[in-house]
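One chain, subunit A, appears in both complexes that follow, with subunit B as partner in the first and subunit C in the second.
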Partner chain A sequence: MTRFLLRRLLLAVPTLLGVTAVVFATVALVPGDPVAAFLGPGAPPEARRELTERLGLEQPLPVRYADWLGHALTGDLGTSISGQRPVADLLLPALGQTLTLTAAAFLLVLAGGVALGALGALRPRSAGGRISGALSALAVSAPQYSVALLLIAVFAVGLRWLPAGGTHDVFGDGGPIDLARHLILPAVAAALVPLGLTARVFRAALGGVLAGELADSLRARGLRPAAVLRHCVHNASPALLTIGGLQLAYLLEGVIFVETLFAWPGIGRLLYDALTARDLPLVQGGVLMVAVAFVGVNILVDAAHAVIDPRVRN
Partner chain B sequence: MTRTARIRTRAVALPAAAVLLTAAAGCAGSSGGSAGAGGGNGHGGTLVIGATGKLPNPDTVIGGAGFEGKRLVSFQLYEGLTRYELLKDTDKPPVVTGALATDWQVAADARTWTFTLRKGVTFQDGTPFDADAVIFNLARYLDKKSPEYTDALGAAAAEYAGDIASYRKTDADHVELVTKDPNGHFPEDLAHVLIASPTAVRGTGSAHFSQHPVGTGPFSFVSQTEGQQIELAANKDYWRGAPKLDRLVIKALPDAAARTAALRSGGVNWIEYPNPDDIDSLKADGVQIATNSYDHLWYWILDTSKAPWNNPLVRKAANYAIDRKAIAEKLLHGTADPAYQTAPRATAAYDPAEDVYSYDPAKARQLLTEAGVPNGFSTSVTVPTGGSGNLLPVPIAEALQRDLAAVGIKVELRTTDWTTLIGAEAKGEVALGSDAVAQSTTLFQSEALLPLFLGSKSPFWTGHYANPQVDELLASSAANADQAARQAGYRTALSLVTQDAPWLFVVNDRNPRALSPKVQGLVQPQSWFLDLTTVWVR
Partner chain C sequence: MTSRVLGRANLGLTFPAALAALLLLLALAAPLVAPDDPAAGRLADRLLDPGSPGHPLGTDGQGRDLLSRLIWAGRASLTGGFVPVAVAAVAGTLLGVVAGLGGRTTEQALLRLLDVLYAFPGVLLAIAVASLLTPGLGATVLALSVVLTPAVARVAFTETRRVRSAEYLAAARVSGAGWGALVLRQVAPVVAPVVLVYASSLVGLAIMYAAGLSFLGLGVAPPTAEWGAMLEELRPSLLTHPWVAVQPALVILVVSVVFNTLGEALRTRIGDTAAQLPPSAPAMAGRLPRPIAAKRVGV
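Let's turn to the complex of A and B:
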């Protein structure tokens, strides 16, 4: 198991290098000048030139990348051009917010996906089974942006049950209950698509196992239905893990819309602003963090996979 | 003859507001000028403003969130030696008056300025304000040897303080600043050169000052939740009198639909730039909409170096072909006014007699025939998809495309993001290589920038527009410390530009904002900027 994990960790290194190099090159090659964006058109050309030089932006791209990488390895992600603050100071709080939102959404995905999927697999022809199929199809195809607006219109503006955005109420006490109230709508909006996908995949996997030889032989040995189901769920769970891991990664990078609409100060919104301002150090730092989280989630999923299914370890 | 112009509360030529290319996002304005939102003598409450852009770095001039950040945060925390008078005569462009200086004199060379400093002012941390504080801050911006100087501060300060050649304290209450060139609008420039508490800057060092910013402004810093909000509290010792509000919270809500939802659900009680389409329904819900003109212009820069835009008749034809009123009233729901000339209406350079380009398609066709292109032509324009002050850039461009097509000018719209567009302009290029660029700007923010938009030697892409007479008028006016003479010079220069028609003049924004019925006492000036000391919340 240790060797398995080590191998996966080593494989993560070229992945992270590749991702950061490609993003670095892409952002640097996209038209638009971070210094012009930061200073505005009123800045004298000399001031622009000088700042460009100080930031090392006139250096060749590979030199700048190597420089960035050298600093990043020592934990120094540089200074944001547009915010003039250390990148880590901006990224860490945003990452915390994104992880909070992602975790809340992922809980919904797992609970909802498993419940809907199991309902569909166990009683495919019942009303419940049909409703579960329809619900998961609806969740998958609902456009996130419109659903988010609809949720805001109904629950925040119309009924006023929940806040329309932010993490805490300016007029409130700022405690955990306040945070939870703010989490509900963005978490539901972010969870819908992955929830639907998870439900469909789990329904298919569990349905397949239940209709297969394993279930037949278990029943033939006289196991009670609950025990048969337990074994079948175990056998269907690698599929759940794979899709769950993928959806977690999808959530991590896909919350940008949700964060913007719900004014959630996470990494998606920060990255969006950074890209708009061509703020390369901030984009790089953000992408690195997302990539690390992405790779980390994948390693965790693989490890869990290996625990459940011994064949994977080799 | 040693003439010393003594100036007190000097009306600055042109208005205050400005969208500048990159500058701000967001807006301000009050219908017809005065109080847009209620009145009364109450006080207190928490004002929560939903801003359109990101939050600025609260270290003095760094900002980085355009004029909106300056308006809502920097100018509330800090002041310069001068400030805009935003509470009086809101049917006119604001004048510049004393802030940390009470008055000033300029010597006959039009370069040497002596400022008398206001006595009895303290920073929000209790540090007394004096000449040493002014010198400390100028050194922080201009002197690379100052321990508090940083590259970003130097670069960001260059826009307004870059013209200062030398500065010295003459006594505890006076400083002498010398500009590199004669500069008539220097006092207005200094409204943007913000003064921070030397004690606070030394305490944190420049690197961390943004986490504990201290100025002399009406509001003091409480906290910042990264990427989400900045909270300020009333400065009870403010030298003009404590603001009526208790607390001021600025939230970043870049999505227009999210801003409107936040206002409707009570999460904020004031939003900047509501989507024009939402205004009628917001009004129906009792929300107050405040608007007022400022020096904003939405326009196309035409490439005057290439056929057919190199022919003034063709450029004039295009200006007669477009229905600005329909764009202002139907598309933008009255949040903008039609622009028939170069000078935005809320500027001293505006002359109603110069409103020459009415909607007259017949005349447009006639001019095209005179120009030798009776059947029109095909051309292209690069349009930003967003960006501060750009209103609804693509829908406006589509309306123009329709109007121009009606007289035979077929326009291909090429969209790109704002950063790409201005990045290219700063290099003297057009993104996507079009024959024109659509954009907005606030022309008089500051006056020093006029040659950047209109001068033949501009390092920016200006459509290769060149009129030596305009160059000469802009240069001589800018140097003139006499405000009336300066304004007259600008008026003549801009009327020449209107006649040359290097631009397609489209609309002047009215800076709409939406306020909950509980918000009282807003005075909305003809400016980007705002004085929030009179506002309170029921």
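Let's turn to the complex of A and C:
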């Protein structure tokens, strides 16, 4: 197991290097002269030369990449232009907020995906099965920003049941119930697409097992339907793990829209603000952080897979 | 029984296809169908609710007719959905076929590159690329092409690998076919149908991404109408005029459902038809519709 994990981690190194190279390229290739942008057009040549040297811009690209990578590894992602603070200081608190939202959405994805998928697999030809199929198809095609706006319009503005944004009420106690009330709508908006995909995959996996030899032999031995189902669900669960892990990663990308529309102060919201302000260091830091988290989630999924299924380890 | 099944499959395909055609037609015929100028507004008429006289869907914050803007917006939004898919289909097929036929080094180089691009969540890669460019439809198209190409390349690569050792290819080689002829006349016809079906299922996703980029301010510049950009423009009115503000959101949702359903229907439909054909003789593969295993087409 340890060997498997080590190998998997080693394999992630070239991928991560590639990811950092792409992110660095977006810094280096940005059109325009950063020195002129910083000093203004009429700056004296000495000042220009000094700043060019201070920023290391006279160095060849590979040297600059190595330099940037070294700083990034030690947590130094540069200084935000709009915030005038180190990028890492802005990103870290936001990461916590994003993880809270992602965790809530992920719970919805698993619970909803399994329920919807099981309904479809157990009674494929019933009204419930058809509705489950239609619902998952609808969920898969529902862009997060559309869902977010519709949810706000109906539940926050129309019915006034839930808050339209933020993480806590201004005059509230900020306790767990307050947080949960603020989490519901953004979590639903973020969860819908992954929920639909999970439901589809689980439906196909469970349906396959239920129609296969395992289910037949269990039934032939006289097991009760509930016991047959239990065994079959167990058999279909690796598929759930794989797709669930992929969806966790997908949630990380959906949050940029959801957080923006619900004013949720996470990485996505920060990225949106950075984009509107053309704050490139912050954009790059945010993209890098999410991409690294994405690779990390994939490693975790592989590890969990190896725990459940010994065949994967070799 | 057979005819019933086929009939239902046909309806599942023709209905979304008709809706998609209607959407394309509306966008193409925007100057003829749109009741009003999409860029001209009267500030006195700002933020009228749906059902107002002369403005069936209401007006936006600058008093521009929403119905006209939504119709015109289809042009930029659908371009942002279709063009990147077309670019990715061509570029991805080329990359995939070359890697599939090439030696170990070419293959490994391409696969590693695809791995890196796959390591980015799609929207983020699009953002990283688009934030380098001047905002506009071109930026959206380029960014989404970069995002979609690896997926197509992977499909084309898998298909090429499948036929690489086929006898008809060896036959073509010994009869003196050069590299170009091999790629264009022997492999591409086999790979193309699979890529086409796969690409058609990407259109819905691309439309969704394109509108998302515009929403983030990386797409078309105002005053051009685009569904994602309209969503952002109308967002401040959400709390006061929710029924005006949700319209672009609803349109994107419907369009996304239509194109996704169509892509899905095409995939199953062609997969089904293919399953009824006899397994293809490799020598005929270039000329006959080859069976496409619908299950394998997905990423």
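By our rule, the second predicted complex is superposed on the first by the 269 of 314 C-alpha atoms of A that agree within 3 Å, B and C clash if a C-alpha of one lies under 4 Å from a C-alpha of the other, contacts with A are read in each partner's own complex, and residues count from 1 in each chain.
Keep in mind that, in the parts below, a contact is a pair of C-beta atoms (placed from the backbone, for glycine too) under 8 Å apart; a residue touches a chain by one contact, two chains touch by 3 or more.
Quick caveat, the model's predicted, so the values are computed rather than measured.
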Thinking of the overlay built on chain A, is A:Leu149 touched by subunit B (first), by subunit C (second), by both, or by neither? both
First (subunit B), second (subunit C), both or neither: which does A:Leu261 touch? both
First, second, both or neither for A:Phe24, with subunit B first and subunit C second: neither
Check the residue A:Phe202 against both partner chains and state whether it touches subunit B (first), subunit C (second), both, or neither. neither
Of the two partner chains, subunit B (first) and subunit C (second), which one does A:Ala164 touch, if any: first, second, both, or neither? both
For A:Phe106, decide between first (touching subunit B), second (touching subunit C), both and neither. neither
I'd like to know which partner A:Thr276 touches here: subunit B for first, subunit C for second, both or neither. both
Kindly classify A:Trp68 by the partners it touches after superposition: subunit B alone (first), subunit C alone (second), both, or neither? neither
Identify the residues of subunit A that lie in both the subunit B contact region and the subunit C contact region. 30-31, 149, 152-153, 157, 164, 260-261, 276
Partner subunit C, residues of subunit A touching it in the complex: 14-16, 18-19, 21-23, 26, 29-31, 137-138, 140-143, 145-147, 149-150, 152-153, 157-158, 164, 249-250, 252-254, 256-257, 260-261, 271-272, 275-276, 280, 283-284, 287, 290-291, 294-295
Could you please specify the touching residues of subunit A with respect to subunit B in the complex? 30-33, 35-48, 50-51, 54-55, 82-85, 89-90, 93-94, 97, 149, 152-153, 156-157, 160, 163-167, 169-171, 260-263, 265-266, 269-270, 273, 276-278
Quick check: in the complex, which residue numbers of subunit B touch subunit A? 20-23, 46, 48, 54, 57, 59, 62, 64, 66, 150-152, 154-156, 158-160, 162, 210, 225-229, 249, 251-255, 257-258, 261-262, 264-268, 416-420, 422-427, 431, 446, 448-449, 452, 459-460
In their shared complex, at which residues does subunit C touch subunit A? 112-113, 115-117, 119-125, 127-129, 131-132, 204, 208, 211-212, 215-218, 228, 231, 235, 238-239, 242-243, 245-246, 249-250, 252-253, 256-257, 260-261, 264
